[in-house]
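One chain, chain A, appears in both complexes that follow, with chain B as partner in the first and chain C in the second.
Let's look at the complex of A and B:
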C-alpha cells in the first residue's frame, strides 16, 4: 500500500473518530463531566441512519439533517436523565449514570433492531475513484468532507460567536456565568444536544462502511477518550489531532507490523504522552487553587 | 447453606431434603411418569452482548425442540441471559440450576462462557447441551458436556482440506481474531495446513472491533496469497470480506461458520459473495434433504427469520435429550449415560458420542455463486475425513 493510500485511509477513519471525539469534548467542556454513553450515542446515530435509510430510501447525505435533529433531542434527554439530577453529586455519580444510560441504550437497540450487525446507506454512492497509485473510496471522500465541514463549523461557533463565548464561560465557572445572566442550564442542555448530534452523525457516517451493532459503541467511547487525552483535555484541535493519531496507528502502523502490535503501540504512545506531557499535546498546564 | 453448596454434597436430584422426599415419592409411585410430566431443561445462553446473534439462533433451536417435545413430556425451559460474559454465564447457570432440579440445560455457543460453565456441570451433575466448538471443552474429562456441533479440532480439518484438496490452493493467507474462539481455530488451522504440507503466505490476527481492514488487505495482496482463509466472529469477517472485494482482491475466500448466519449474509450484495465459501456443521438454508427442508420451513414459520446451522444443532441436541427422557432417562445421571451410549438420528445428521461428549462428526463446505445469498453445498466431510495424521 502506497504512503498516499495509507494517509488517505487514515484521514478517512480519523475523520470519523474526530467527530466522535469532538462530541465528547463538547460535553466535557460544558459540564466537566465525562459522558460514558457517548459511544452508544454514536451507535444511535448509526441506527437512525439504518432506520431512515430503509424507510425513505434516500442517500445518507440527505438524511443527515434528520439524524442530527433526532440525535439532538436524544442528547437533551440524556442530559435531563443522567446529568441534571446529579448536578450536586460527586463527578463519579455522573460517570456511573452515563455508563448506565449506555447499557440501557445497548439493550434498547437489541429490542428495537435485533442483535445482529446492520449496514446503513452510503453517504452518496458506493464505488471508488482510481487515481493510480491510490484508490479513493467515494464514501471515504464524502466522510472526510462532512467531518471537515462540521469540525470547521464547531470551531467557528465556539470561538467566533457569542453562543460559543457563553458556552466557554459556563464550562469555566458555571456559577459565575449564571451570576452574570447566562442561562447555564439551557446552554448545558444545548451542548449535550449538539455533542450527541455530532456523535450521531459520526455513527451515521460509520454505518455504511463499518456497520453498526448494539455493543459497537464501547470501543468508540474508548477511542474518543484516548483522542481527548492525547490531544489535550478540552481542546478541539487536540481532539482532532488525537483522533488522527489513533487512525494512523490503526491503518498506517498496522501496515508494517502485525495489527495487535500496532494496537499495543498506540497504548504505549498514549503512556509516553501522559508521562512527557500530562496535559496532552495541545492542552494547557493548569493548577488547581487550594 | 446455598443450593449450590448442597449440590456439591448431594449430587443429582437429591440435593435438598424436599428433593429427597420428592425423589422417594417418585421412586415408589411412578418414577418415569413423574419426571416425564415435569422435565426442567433451562436455556442459559447469550441473548445480549456481541454473541447475541449466535445465542439468539441457539435459543430458537432449543425453544423449538421444547415445543416439539414427545407428547408424553411436559417440558419447561425458561431462558436465562448470560450477557456474553464468563461471569454472567456462571451466575446465570447457577441461578438456573438452583431454582429446581434440572435434567439438563441448553448452554452457550460461546467458548469463553462454556469454560466458566463447564465446572458447574460437574458441581450440579447435570448434562450441558452445547454447540460451542471450542476444542478443549470435551478434552478435560468432564462427563457432563455434550456438544452437538463438531469440535473445532474436526471442523477445521474440513476447512483446511477443502482449501488444499478441492480448491488446489498452495499459498493461503490466514486471518484470525483475538477472541478465545478466534485464537483456538487459528492455531488449529495452522497445525492442519502444516500437516497438509502447506506453508502459509501470511498469518495474522485482528481485534474483533477492528473497523478499517485496509492494512490487512494490503498485506494479503503483498503476500501473494492465492486464497484467503478466515476464522473470526461475524463482524470482522464481514468487514474484511467487504473491504477485500472493494479493494479488488479477487482470490477465493473460505471462512469459518459465522458467515453462514443469515444476519451476516444480509450485509452483502449477492455479487460480493461470489467465490466465497464457508465451513458449517449443517446448512439448513440450502434445504438439502426433505427432513431439513421441513424443519427449515417450520423454523421460518415459527420465528419469522431464515434458519441456520446453530439453531438446527441445538434443536437436534435438545430433541435427542427429550427423546431419551421420554424413553426412561429420567434423572441427570441416566440422561448423561444415555447421551453417551445412544446413536440418534437428528434432522441435520446422526449423532453419536466419541466417549468424550462430542456428538457431531459431520462438516459441510457451502459456497455462494454470486447470484443469491443462499449458499450451495460444495463438499461434505465425516468420520475419518475429519482427522489429519
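Let's look at the complex of A and C:
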C-alpha cells in the first residue's frame, strides 16, 4: 500500500473514531465520568442503520437524521437511567452503571438482531474513484465528509453560541452554573443526547465497511477512551486528534504486522505514552488543587 | 469480625462478656446466622451445588483482594481479572502440561500476578482516576492478547483442559466436597488476613488517603507506598483465586482473563460492599446465585442481570452490607464506643536537640504556574514558639507558600530548610515526618469515621503504620489505642472532646475546623501551618481558637497562620508577613505591617 493510500484509509477510519471520541468527550465533560456504554451506543447506531436501511431501502445519508433523532432519545434515556440517579456518588459509580447499561445493550442486540455480524447500507453508493496510485472508495470519502461536517458543526455550537457557552459552564462547575440560572440538568441530558447521536452516526457510518456486531462496541469504547486520554482529558480538539492518531497507528501498523499485533502495539504505545506523559500528549500538567 | 464499612476496629469496649458483646454489635448476629445457614446448606449440597459454592468462594477471594485497590485505595483497577487469569494460567499450564501439584503451583500463582502488578505499578499508580482505569485496562487487554496468541503454551482461544484437582504434598483432594471445603478454608484465611490488615490505624489511613491525597501526604503518609501495597495485594489475592478456579473447573480459557469477568468482579464488590470482608463474601455468593437463577431466561439472562444490578447500584450505594447496617440502625441506635483514656501528646524528640538559628528558613523561593509567578523570591524564617501571621490579598500566593513549605509543591528556585535540614526537594510526607503538620483551606475529614479516629490519624506516621505492622498486630492494634489516647488529649486542647465518638459527617463547621487542627496537633509537630483556620467561625469561636493556638505555641511549637482576618491575627500573631502578587512586601510587628505603605497600597490600591 502506498503511503498516500495509508493516509487516506487512516483518515477515513479516523473520522469515524473521531465521531466516537467526540461523543465520548462531550459526556466526560458534562458529567466528569466515563460512559462505558458509549461503544455499545455506537453499535446501536449501526443497528439502526441496518434496520432503517432494510426497511426503507434508502441510502444512509438520507437516514442519518432519523438515526440521530433515535439515538438522541436513547442517549437521554441512558442519562436518566445511569447518571441522574447517581449524581451524589463518586464517578466510579457512573462508570459501573454505564458498564451495566452496556451489558444490557449488548444482550439486547443479541435478542433483537442475533449474534451474527450485520452490514448496513452505504452512505451514498458503493464503488470507488481510482486515482492511481490510490483508490478512494466513495463510502470513505463520504465518511470523511460527514464526520468533518459534524465536527465543524460541533465546534461552532460549542465555541460560537450561547448554548455552547452554557454547556461549557456546566461542564466546568455544575453547581455554579445552576447558581447563575443555567438549567444544568437539562443541558446535561442534552449533552448525553448529542454525544449519543454522534456515537450513533459513527455507528451508522461504519456499519457498511466495518460491520456491526453485538459486542463490537467494547473496543470502540476503549478507543474513545484512549483518544481522550491521548488528547488530554476533556479537550474536544484533543479527542479528535487522538482518534486520528489511533486510526493512523492501526492502519499503518497492520500493513506490516498482523492485526492482533497492531492492536497489542496500540496498548503498549498507550502505556508508554502514560509512562512518559502521565497527563496525556496534549494535556497540560495541572497541579492538584489543595 | 466486625464489618462496619469504615474503621473495623471498635472503640475500646467496656468490660463485659466479650462474645456476647461482639454478637450485639452492628450486624454481626444476622451475619453469623446467615453464615451458619449457608454452611448447613453447603454440608448437604449435591455435586452441582458444591461446584457453585466453590466458585462463589473463589470469587469471594477475588473480591476481597479487589477491595484493597478499589475500596481502600479508591482506584478503579480493571486489571483484577487479568491477575485472576494469570493465576489460573500459571496453575493450569504447570498442572496440565508439567504435572506439578498445588504445593508448587499455588504459591507461584500468587507470586506471578503480584510480580506483574509490582512491575507495572510505577507507571500506573501515579496516574489519576480515569487514566489509571484505562492503563490497567490496557494491561489486561495485553495479557489477554498474549494468552490467546501464545497457542503452544496456553492452548490459544480453546484454552487448556485436563487440569488436575488440588494436590498437596502428594495427597490429592479428590471429592468435590473436599475441594469446596478447601476453597472456603482459603476464603477464611484470605478474609482474616484482609481484616487484620485493614482493621487498625493502617486501614483508617486509607480512608483519609481516599478523601484527599495531599492531606494524607501532609500528615506524613507515604501514599505512593500505600497504593502500591493495595495494588500488589489485590493482584496476589486475584492470583490465588485464579489458581483455585483452575482446580475447580479443570479448564483455563481466555474468558478467565477477560472484561466480562472484570465486570462481574466490580459488580460483586459494589453489590456486597467495598470495604468489608463480609461484603465481599455476600456479593460473591449473591451474584453467583443470581446468574444461576437467571440462566433459565436464556438470552435475556444478562439483560435481567444488568437491570437488577443497576437497580441495586442506585438503591443501595453501600452495598448489601450498607443496607443491612442501615436496617439495623433503624431498629436500635448504634452503640457508641467508650471514650478512650487520654494520653499526653508526646514532645517531639528533636525539640530537645540543639538547633540552628531558625526552625524554618525559606530563602529566595520562586514558584511559577505557566507564566504566572505565584511566588517571587520569597524569604522567611520562623523561630520555635513563634506565631507568625501570613497575610495578603486574594491570589497573593499565601496558600502556594504553605504548599511549598509543606512539600506539596516543589519550588522552581530557592531553598527550604527545616530543623537544620535541607528540605527543598523532599516530598510532603518526608517533610511532615520531620515534624511539620498543617491544615487546609478546605476541610478534609473522613465523614463516616469518629472524631477521635480522625484525629488519631495525625498519629499514623508516628505509630509507624504500614502493612508489616498491621499484620503483626495481634489481638488489639496497640498503635491505634495509643493514637486514640493522644487524639483525646488533642481533642481536649481544641475543646472538641465531647464529640469524640461522633461521626465527623454530622459536625458543625466550626467543630470540624477544630477537629482538623486537633489532627495536626496530634502529630506533635514542631511547626504548625494553619490555612485560614478562622474562616467561617463566629467571633467567640475565633477568640477561643486564638487562645488554643497560643497554648499550643507555648509548648514550643512554631505556628504560621494564613488569615484574612486581621482582628483574629492581631490577637494572635507576634509578627505579620505580607505577600502581594507573589512578593514579600512586609515582615514586621502587626502594627508596623498594618501601617506599612506598601501593605496599605496592596489592600486599598495606590493613593490618588
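The criterion applied here is as follows: the second predicted complex is superposed on the first by the 285 of 290 C-alpha atoms of A that agree within 3 Å, B and C clash if a C-alpha of one lies under 4 Å from a C-alpha of the other, contacts with A are read in each partner's own complex, and residues count from 1 in each chain.
We adopt the following convention: a contact is a pair of C-beta atoms (placed from the backbone, for glycine too) under 8 Å apart; a residue touches a chain by one contact, two chains touch by 3 or more.
Treat the numbers as computed from the prediction; the structure is a model and nothing was measured.
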Worksheet entry | First, second, both or neither for A:188, with chain B first and chain C second | neither
Discussion item. Between chain B and chain C, whom does A:11 touch in the aligned arrangement: first, second, both, or neither?
Written reply: neither
Worksheet item: Which holds for A:128: it touches chain B only (first), chain C only (second), both, or neither?
Response: first
Practice prompt. Could you tell me if A:275 is touching chain B, chain C, both of them or neither one (first, second, both, neither)?
Written response: second
Practice prompt. Classify the contacts of A:116 with the two partner chains as first (chain B alone), second (chain C alone), both, or neither.
Written response: first
Practice prompt. Please indicate which partner A:202 is in contact with in the superposed arrangement: first for chain B, second for chain C, both, or neither.
Written response: neither
Worksheet item: Given the touch rule stated above, what does A:230 touch, chain B (first), chain C (second), both, or neither?
Response: neither
Worksheet item: In the superposed arrangement, which partner chain does A:97 touch: chain B (first), chain C (second), both, or neither?
Response: second
Worksheet item: Thinking of the overlay built on chain A, is A:260 touched by chain B (first), by chain C (second), by both, or by neither?
Response: both
Worksheet item: Once the two structures are fitted together, what part of chain A is touched by chain B and by chain C alike?
Response: 106-107, 110, 218, 260, 263
Practice prompt. Please give the residue numbers of chain B that touch chain A in the complex, ascending.
Written response: 47-50, 52-53, 55-56, 178, 204-207, 209-212, 214-216, 218-219, 234-235, 238-239, 246-248, 261, 263-264, 266-267
Response to the item:
So, in the complex, the side of chain A touching chain B is made of residues 1, 5-6, 9, 12-13, 106-107, 110, 114-119, 128, 135, 137, 206, 209-211, 213-216, 218-219, 247, 250-252, 254-255, 258-260, 262-263
Item to complete: Would you pull the chain C residues touching chain A in the complex into a rising list?
Response: 70, 74, 76, 120, 123-124, 126-131, 133-135, 137-139, 141-142, 145-146, 148-149, 212-215, 259, 263, 266-267, 270, 299-303, 305-307, 309-310, 313-314, 317, 369, 399, 403, 408-409, 440-442
Discussion item. Which residues of chain A touch chain C once you look at their complex with the stated criterion?
Written reply: 28, 34, 81-82, 85-86, 89-93, 95-97, 99-101, 103-104, 106-108, 110-111, 218, 222, 225-226, 229, 233, 260, 263-264, 267-268, 270-271, 274-275, 278, 280, 287-288, 290
